[in-house]
Structures are given as structure tokens and as C-alpha cells.
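Read through the structures below before going on.
In the two complexes below, chain A is the common chain; its partner is chain B in one and chain C in the other.
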Partner chain A sequence: MKHLVRSQGFGAVIGVAVMLAVFTLVDFSGWWTVPTVSNVTQFASILAFVTMGEALVIMTKEIDLSVGSVYGLAGVSFITLEPPLGVPGSLLVALLIAALAGLGQGIAVVKGQLPSMIVTLGGLFIARGIIYVWTGGSVHNFSPDARAHPLTRVLGGELFGVEAAIFWIVAIAALLGLMLWATPFGNRLLATGGGRESAESRGVRTERVKIVTFVLCSLLAGFAGILTLCNQPQTHVTLGENMELEAISAAVIGGCLLTGGRGSILGAILGALIVVSFRYELIALGAPSSWYITFVGVVLIAAVIFNQSLARRLGHSV
Partner chain B sequence: MTNDHPLIQVKNLDLYFGAFHALRNVSVDFHAGELVGLVGDNGAGKTTLIRVLCGIHAPTSGEVFFDGRRAEKFHPKLAIDQGIETIQQSVGLCDNLSIARNFYLGREPVKRILGIPFLDFALMREKSARVIRQFGLRDNVSTDDEVERLSGGERQSVKIGRAVEFKNRVVIMDEPTNHLSVREREHVNELAVQLKEQGLLVIYITHDIFQVHKLADRIVIMENGSKVADASTDAMTAEELEEVIRQGGRVVEKRETA
Partner chain C sequence: MNIKKLAMLTAVLAASVVAGTAGAQDNDKQYRFVMVSHIGSNDPNMNWLTLSLKEFEKKYPNVKTEYISTNNYSVQEHVRLLEQAIATHPDGIAVPIVSSDAFEGPLRKAIDEGIPVVAFNIPDSRPAGERIPYLTYVGGDEYLTGKKLGEYAIEQAKEGKIPQPKHVVCASHDSAHQGLKARCKGMKDAMAAVGAKFDELFIGAEPAGARNALQSFLQANPDTNYIFTVAGWSAPWAWSVANEMKLDPDVDDKGMTILTVDEGPVSIEGVRAGHLLATNSQGFWLQGYEPMEWLYWNKKFGYAPQSDILTGPVIINKDNADQWAKQVRAVFGDKAYDEQNTW
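After this line comes the complex of A and B, so read on.
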């Protein structure tokens, strides 16, 4: 318990509990239905992939604004390259494109000593522009064969009535959590964000750590795009638009501090769950969908206030 | 180990930062089992010299020999691998990590499971706990506590303990007692002497000639990027050395040219 309180995910655990309690009181019959729970967890899983990557980048004291565009670009690549390459081929190429986007931005940030906010803002526009040019604004679909491909089913189908994305998030979150908490790389990642100079004085190659983290973040965003399209194999030029803002909000709601070095994988997932639940429930309650953005803003600020006071209470300097 | 063969030998070192001449033809020897006070005003070049030794800056010209071997490349990791540890006031510990994690940062012990390297938490806790007790941390501090909880003196103790634990041969202490209470200062100075007695080379950087004169075997004074004095503490009193600093090194220059 002490460990949980000290971990950065604790605020999000409370947040989820409060949110579920409120939704239960306000809209018991609408919220606790199979379609609602299934949809919310499906969308939350997708956002959680992007958020986990974003959270890792924030833990190194950088930020990645390009995740929404990389998500879209990987998804578009996956669908458009399927006819010539087949499903496995286009999957690999789409992930490769995502990885290259992360690598390029990571190298620019580290070697160019540039602020990541600017570099990845550039990345956001570049990747989005490529999507527009590549698709020509038109909608692309998977053929019936591609939809029936085993790989498409494994990534986008269901098992015992549960969406595949949920199995994937559980498995990959467990791996990332172990990586962050129990490996030398995780230790160095947190050290890079918590005290770059100190880490370097211990021989940690912080530049390499940051580049690897940017690549990991883009890969996760790309994978999320692919998961979405395996489930709903239809692209649109706006695929993933504004997702970077949701992902950053979710990471912060999940307890990531922008001052670096603090955050958790569990918090990232719960943060994504909170953001998606609000979106879904507000629409379900009949609020105009435009209000959703406003609510995310309110939740974000409330979460930051809560998480910071929690961190101060634990004696962290924030 | 004979003492006539220096552990670190610096020969005719020059370093420019652009047009700024930061180190001017510096030559100095350091021996194992010696505590050397490196003294000088701000901007005298002490820290720059140390940064060459610990691999942060590469010299523009000149040579550095470590244990008789000429250093070809300069990188912090290489210096650490050779057993050169620098203890700086503000750098060296990450506040957001536990004592155990800080202790092993950059060279974490691992247990491989299916070929994947996982941190060996048991070893990290056990070894770092033994060292922090030995170096006088409060009993209620656990190795799982974040470094943020520690006082300034305790932080220095963790760094010094770490230097000893990793069997370093050189410990460079850069203003190790700044911002410390009187008692903590004494404790850190005792540790410096203890390291020397264990056969390590200790280079102690400070402004305070009187403090280091009591501890050191030898004092090296720098001024404007040059070495202006290099004397054993038996040969010159702290007052004489202070006069050298006050005169900007001119006293010694006179003596040498005379």
C-alpha cells in the first residue's frame, strides 16, 4: 500500500474510483452496460498505447507532440500498402515508418540540442501533410480478404467477446512496466529525466536513452493506429488528429510530472481511461459533443492540482 | 605500488574554449595514497583541470597519463571505468530515485531471466545499506528512500561511500563541504582522510586554503589557468600559501625567476 501511495499512479487510481462512483450515481443504467463498457475499454486501450509512449517521453523530460500524426501515418501506411505488400508486410512497413519518425525526431532533439516541443510540432505537421498528400484526401478500405487475414483478426478481432486491443494493452503494458521499473534501462530513463547531469556523471548515455524513448513512443503510437484500423479498416485524413493533446492530458492526469523523472505505466493507462470515459459519458448524457474538449480541460487542471499536491505531500520537489 | 610512479600525470596541458585560454601549459603529478588540495579562485582553472581528468573536456594539446598509460580518448564513461570518481556538490545523485538505485546508476547489477537483464534488487539493497550505515546515515533512512529525503551531508556520504564501494583509485572532491553544517563538514573531511589511508588518490578542490592545509599532503595552487604553486604542506604554511593566492601567484613566480 505504501508503495502504491508513493507511486505516481496513485492519483489516477483515486480519479478512476471517483469517476466511476459519479457515473454510477448519475447514469447507472446507461454506464454499466455491455456495449458501453466494451466501447470505453476498447477506445481507452487505443489511447493508452499512445499515452504510455507519451508518458515515457515526458519522464525523460521531453515531450512528443507528433504522436497523433504518427498514429495516423502508421494507420494510413498499413491500409494503403496492404494491396502490394499483404497484411504482414504492410504491418512491418507501417511500424518501420513510425520508428523512423521517432528516430528522426529523437536525433534532431538530442544532437541538434533543440527543444522537443518545437521539433515534434514540426513532426506533427510533416506527418499530417504526408497523410494528406498520400491519400489525396480520399478514404481507403481493406479488401474482404485483408479483413479476414488471421493477423487482422488477432489485432482487431475479439476473443470471448472481448476486444483484441484489451489483450494487447495488458500484455504490452506489463512488458513496459517491467522495463521501466525492473531493468537498467528503466533506471537510466528515470535518471535522465530526474537529473540529466547526475546521470551523465555516472556514465549514463542520456542522449541514447532519449532517442530510444522517442522511437518507443512513436512505435507505440503507430501500433495503436494499426490496432484501430484492424478493428475498423477504413482510413480518413483526420485519423489521430488532436490525439497528441488527449495523450498528453491522459499522461498528466495519470500522474506524469512535466518536470521529468516521475510517472508510471499504470497511471498512463488509467489517465487514458479517464479521458475516454468522460468523452463517452458526456455524449451518452446528451451533452453536445463539443463540450467534451472543455471537460477534458477541466479534468486536466483538476488532476494537475491534485497530483502536484499529492507529490508535495510526499515531499517531492515539483 | 611505488610512489615514484605517479598514478595520474598531466603534461603540458593546454585547453581553449574558443578564444578563451582556460588551461595554460599545466603539468602536475598525482600519486596514489596522497591527498592533494587543489586551490584557487573562481575561474582559476581548477574545475576545468578536473573536468579533463574525469573525461568531460578533451585537452587542446598536452597529454594525460593514467597509471603510465596515455589517455587517447576523453569520455566520462571511460574515466569511470578506469576508477576515477568525481564527487561534486550539486551533481551525482538523482533526487527522484532511491538510494539503492542511485548507488548503482550506470552500472546496475543484473540477474538475467530468459536473457533479459533485470535489476538485482536484493544485491542493490544489501550492499548499499551496508555502505550507508558505515558512512553514518541516520538509522531511519532506508535504501528504498528517495535521495530527496537526505540532508546535504548525507548526500555527500552516499557519494563517498559509492566511490569506496566501487574500488575506485582516484576520488576527486569538488568543493565537498559547501553548504554543509560544521559537524557534517568535519565528517566529510574525515572521510577524505580515510579514503587516502586506504591507498586512494584524493584530489580535494576548495577555496579554503586553511581547511585543506590541515588535511592535505600537498597543495597545488592555480591562477588564470596556470599552476602557480605546488608545495608539500610540510614545506609551506597555510599563511604562506594564502599569500601566494593573494598575490595572484606572483610570489612564486618571483621565487622561480630569482
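After this line comes the complex of A and C, so read on.
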């Protein structure tokens, strides 16, 4: 228990517990149904991929505003390149495009000593512009053969009646958690965000860590785009629009501090769950759907206050 | 023939020659009309407009038309293009009034300089006395789009072909877009006539988020049996959500009924496949051709229409969808048409 309280996702655990308690009280019969839980967990899984990448970048005291556009670009690449390359080929190239986007931005931030907010804002526009020009305003269809391809089914179908995205998020979150808490790279990543000079004095090559983290972030966003399209190939050039804001909100709600060095994979997933659940339940309760963004703002500010106060109580500097 | 008669005949002949020459000069006079559009090459609908301009030039060889637009749309960029076009002193301008405030200054200046202006695709929605004094508006009517589609659905329901509407949701991707709100309002008014409940749902433009929002709404409102998507590209999202929820979204006398808008491949193929009850056309081709023709008639003969010219809505249903598909294929090309069919 003591370990849980001290863990960096504790704020998000409390948030999810409070949220579930409130939803149970106000809408027990509507919330605790198989379709509702299935819908919320499926969409939360997609957002969680993007949020995990964002959380890693935030832990290094940077930010990535391009994740929504990279998510869209990878998804659109996957669909558009499928006819000439086949499903496995287009999957690899789409992931490569995402990785290159992360690499380019990482290098620009680190080597150019530019603010990540500006570089990735540029990345957001560039990637979205490429989508518009490449597709001519309308995304191509995904052929019936491609939809039936085993790889498409493994990424986007159902396994034992459960959406594949949920299995993927569990597997990849476990790997990332392991990387963050049980490998030297994870230690270096947190050290880079915690204090660059201090980390460098201990031999951490912070520039390299940041570049790798940007690549990881874009790869996760790209993978989420591909998972979404494997599940539902009916899409549009708006794929991933404004997703960066949801991902940053979810990462912060999940316990990431923009001051760097603090955050967790579990928190990122729970943050995404909170954001998606709020959207779902507000609509279910009959609130105008455009209120969702207002509530996300309220929850975001409340979460920042709560997480900062929790971090101070635990003796962390924020 | 005396001298007097000869002189008169000569005068008549001379007058005829002069008049004929003047007429020939008038026929040969070259005109240049510019369409300053918000529909760029990233939007397949641009083809409707550019092809219709080509047809217009074939019929009126003494007119040169120019189509200018920007891919990365912004009102500021559109105004800049408009001002550049006015500076070249064309014989006429066709422009959508995307923003009355932003376009008022440049267009009033053009009109004061004697350049006739026709609004197309989007009118100045202010009252007649306050709007920009353009010749006329050529385009669709957003309110009628929703209303006529709703009335068509009610007709079909009365004939027992689809379920009676009980609860209709208008799924909109942009809560601030007045045109989309007008479409929903038209549908709402049509459905009020048969006592159906009506809700407007902002689903956003991001596919995953939109599905999540729509699924949530349908889960919480199980009596919903009609979905109206105010963009053609969001119709497959609505269908897939309803299908996943086992709400029988194909067109028949039970389950969910889905309507949408636009004459793009997604909408037309949705109707042809029996996924969508109907869609509409706002007459894109005419929106390219008609403004040019009115500019020409105004410039040459001084004609000015006394009302707006509606080019839509035209209902596209299973009875005429095949013909529409042929026409749209001719405009988009077979390859682009098939690629854009995302069903």
C-alpha cells in the first residue's frame, strides 16, 4: 500500500476511483454495461498509446504537439500505401514514417536547441499538411482483401470477444513500464527530465535520450493510428485532429509533471481512461456534447493541483 | 433612281454596315471572369467547378475564366487572393461569402469600380438590405437540405419502406458552423411535423472520437432510430457504430435509418449499397457554370436576377443513385471515385 501511495500514478488511481464512484452513483445501470465498458476501454486504449508516448516526452521535460498529426499521417500512410506494398509492407513504412517524424523533431530540438513546443507545433502543421496534399482531401479505401488480412485482424479485430487494442495496450504498456523502471535507459530518461545538468554530470547523454524518446513517442502515436484503422478503416483526413491536446491532458491527469522527471505508464493509461470516460458519460447523461472539452479543462486543472500537492507531500520538488 | 433616293439608300447601307460592325465588335469583345474559391485542389469537389468553367468557355469562346484557390484554407488567405484578383480588373468575380465581415470591404470596392460580383456556394447570410450588394447568389440552401431530406424520409416511412422516425440525432462535426446548424434545423423542423424527438450531437471531426461520442449517445438513447450526418464522410462512421451495436443500420423497415449529404462517392455508394436512405446534391456543377453565365449576361446585356438562384438540394436516393454515380465518375475519374468509396 505504501508503495502504491508513493507511486507516480497514485493521483490517477485516486482519480479513476472517484470517477467510477461518481458514475456508479449517478448512472449505475447505464455505466456498468458490457457495451459501455467495451466502448470506453477500446477508445481509451487508442488514446493511451498516444498518451504513453507523450508522457515519456514530458518526463524528459519536453512536449510533443505533433502526436495527433503523426497518428493521422501514419494511419493515412498505412491505408494509402497498402495497394502497392501489401498490409505488412505498408505497416512497416507507416511506422518508419512515424519514427522519422520523431527523429527529425528530436534532432531539431536537441541539436538546434529549439523549444520542443515550437518544433513539434511545426511538426503538427507539416504532418497535417502532408496528409491534405497527399490524399487530395479524401482518404482512400481499404480493400476487402486488406481488411481480411491476418495482420489486420490481429491488430484490429477481436480476440476471445475482446477488442485487440486492449491486448496490445496491456502488452506494450508492460514493456514500456519495464523499460522505464527496470532498465538503465528508463533511469536515464527520468534523470534527464529530473535535472539535465545533474544527469549529464553522471554521464547520461541527455541529448541521445531525448531523441530516442521523441522517436518512441511518434512510433507509439503511429502505431495507435494503424490500430485504429485496422479496427475501423472508414476514415478521413481529420484522423487524429486535436488528439495532441487530449493526450497531453491525459498525461498530466495521469500524474506527469511538465517540470519533468515524474510520471508513469500506468498513470498515462488511467489518464486516457478518465478523458474518454468523461466524454462518454457526459453524453450519456444528456449534457451537450461540446461540454466535454470544458470538463476536460476542469479535470485537468484539478488533476494538476492534486498531483502537485501529492508530489510535495511525498517530498518531491515541483 | 434619283440622287435623293440614291443618297438615302447609301445612308441606309452605311448605317447597316456600321451597325453590323459594331455588333460584330460587341460579339468579339473579350471578357475575363475570375472565380476566387475556398475549394482547393485538396478537395475533390473542385473538379465540378473547374470542369463546368471549361464547358462555359466552350459555349462562350470570347470569355476566359480563371479559377483561383488555396489548399491550406484561411479567411485571410482567401481575402488576399480576392484582393489580388480585384487588382487585375477582371470583368466579373464569383466568390463564396465565407465571412461577410472579411469580404465586405474588398467586394464593395470591386462593385464600386464597376466589377459585377456573384456569390456562389455560400451567401451573405445577413438580411437583404445589409448584405454585400452582389448581383445574386448561386448555390444550395443549407436549411432546405435538412428539411427536404427529412420530408423525403417521412414520405418513405409513410409508405412503410422504413421505420417511422421516433428519435432523430443530427451528428455534426463542427458545432460552430452555421451551415451545418442550418442543416440540422431543417431536419428538426421536418421531424417536428411527425412528433419525432430530435437531438443535435457534436461528434467532432476525429474519427475515433466521433465514433466514441455517437456510440455513447446511442447507448444512452436506445429509442434513437434515425441518424443524420451533416457530412458525407462521417456517414460510414455512423453506420459502423450502429452496425457494431447490432442496430440494423441498412435501409429496410426496421432498425436504424441513416441519411447524409453531398454527392461525393461515399454518399452515393452508401445509397447504392443500401446503407444510407438518401443524400443530396447542392448542384456543384451549376455553381461553377451559372455564376459565369450571369456575369456574362450582366456585362453584355445588363441583366440582373431579382432573387437568389438555388442549385439544390436535389435528393439522391436508390432510384437515381446509379445515374449520379455515372455523372460523378465522369467528373472525378473512375480511379479517384473507387478510391474514395470507403465503405
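Simple rule for what comes next: the second predicted complex is superposed on the first by the 317 of 318 C-alpha atoms of A that agree within 3 Å, B and C clash if a C-alpha of one lies under 4 Å from a C-alpha of the other, contacts with A are read in each partner's own complex, and residues count from 1 in each chain.
Quick note on the criterion: a residue touches a chain if its C-beta (ideal position, glycine included) is under 8 Å from a C-beta of that chain, and two chains touch if they have at least 3 such contacts.
Worth saying up front: this structure is predicted, and the values here are computed from it rather than measured.
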Query raised in the report: Of the partners chain B and chain C, which touch A:E241 in the superposed model: first, second, both, neither?
Result: second
Requested in this report: Please indicate which partner A:R205 is in contact with in the superposed arrangement: first for chain B, second for chain C, both, or neither.
Outcome: first
Query raised in the report: Now for A:R262: first (chain B), second (chain C), both, or neither, which partner does it touch?
Result: first
Query raised in the report: First (chain B), second (chain C), both or neither: which does A:L190 touch?
Result: first
Query raised in the report: Which touches a greater number of chain A residues, chain B or chain C?
Result: C
Report task. Using the touch definition up top, name the residues of chain C that touch chain A in the complex. Result -> 40-44, 71-72, 173, 175, 201-209, 211-213, 215-217, 219-220, 233-234, 236-237, 240, 245, 264, 266, 336, 338-343
Requested in this report: Would you tell me which residues of chain B are touching chain A in their complex?
Outcome: 76-77, 80-81, 86, 88, 91-97, 101, 104-108, 110, 116-119, 121, 146, 148-149
Query raised in the report: Which of the residues in chain A end up touching chain C in this complex?
Result: 30, 33, 35-36, 39, 43, 46-47, 68, 129, 132-133, 135-142, 228, 232-236, 238-243, 246, 276, 279-281, 283-286, 288-290, 292
Requested in this report: Could you pull out which chain A residues touch chain B in their complex?
Outcome: 178, 182-184, 187-188, 190-191, 193-195, 197-205, 261-262, 315-317
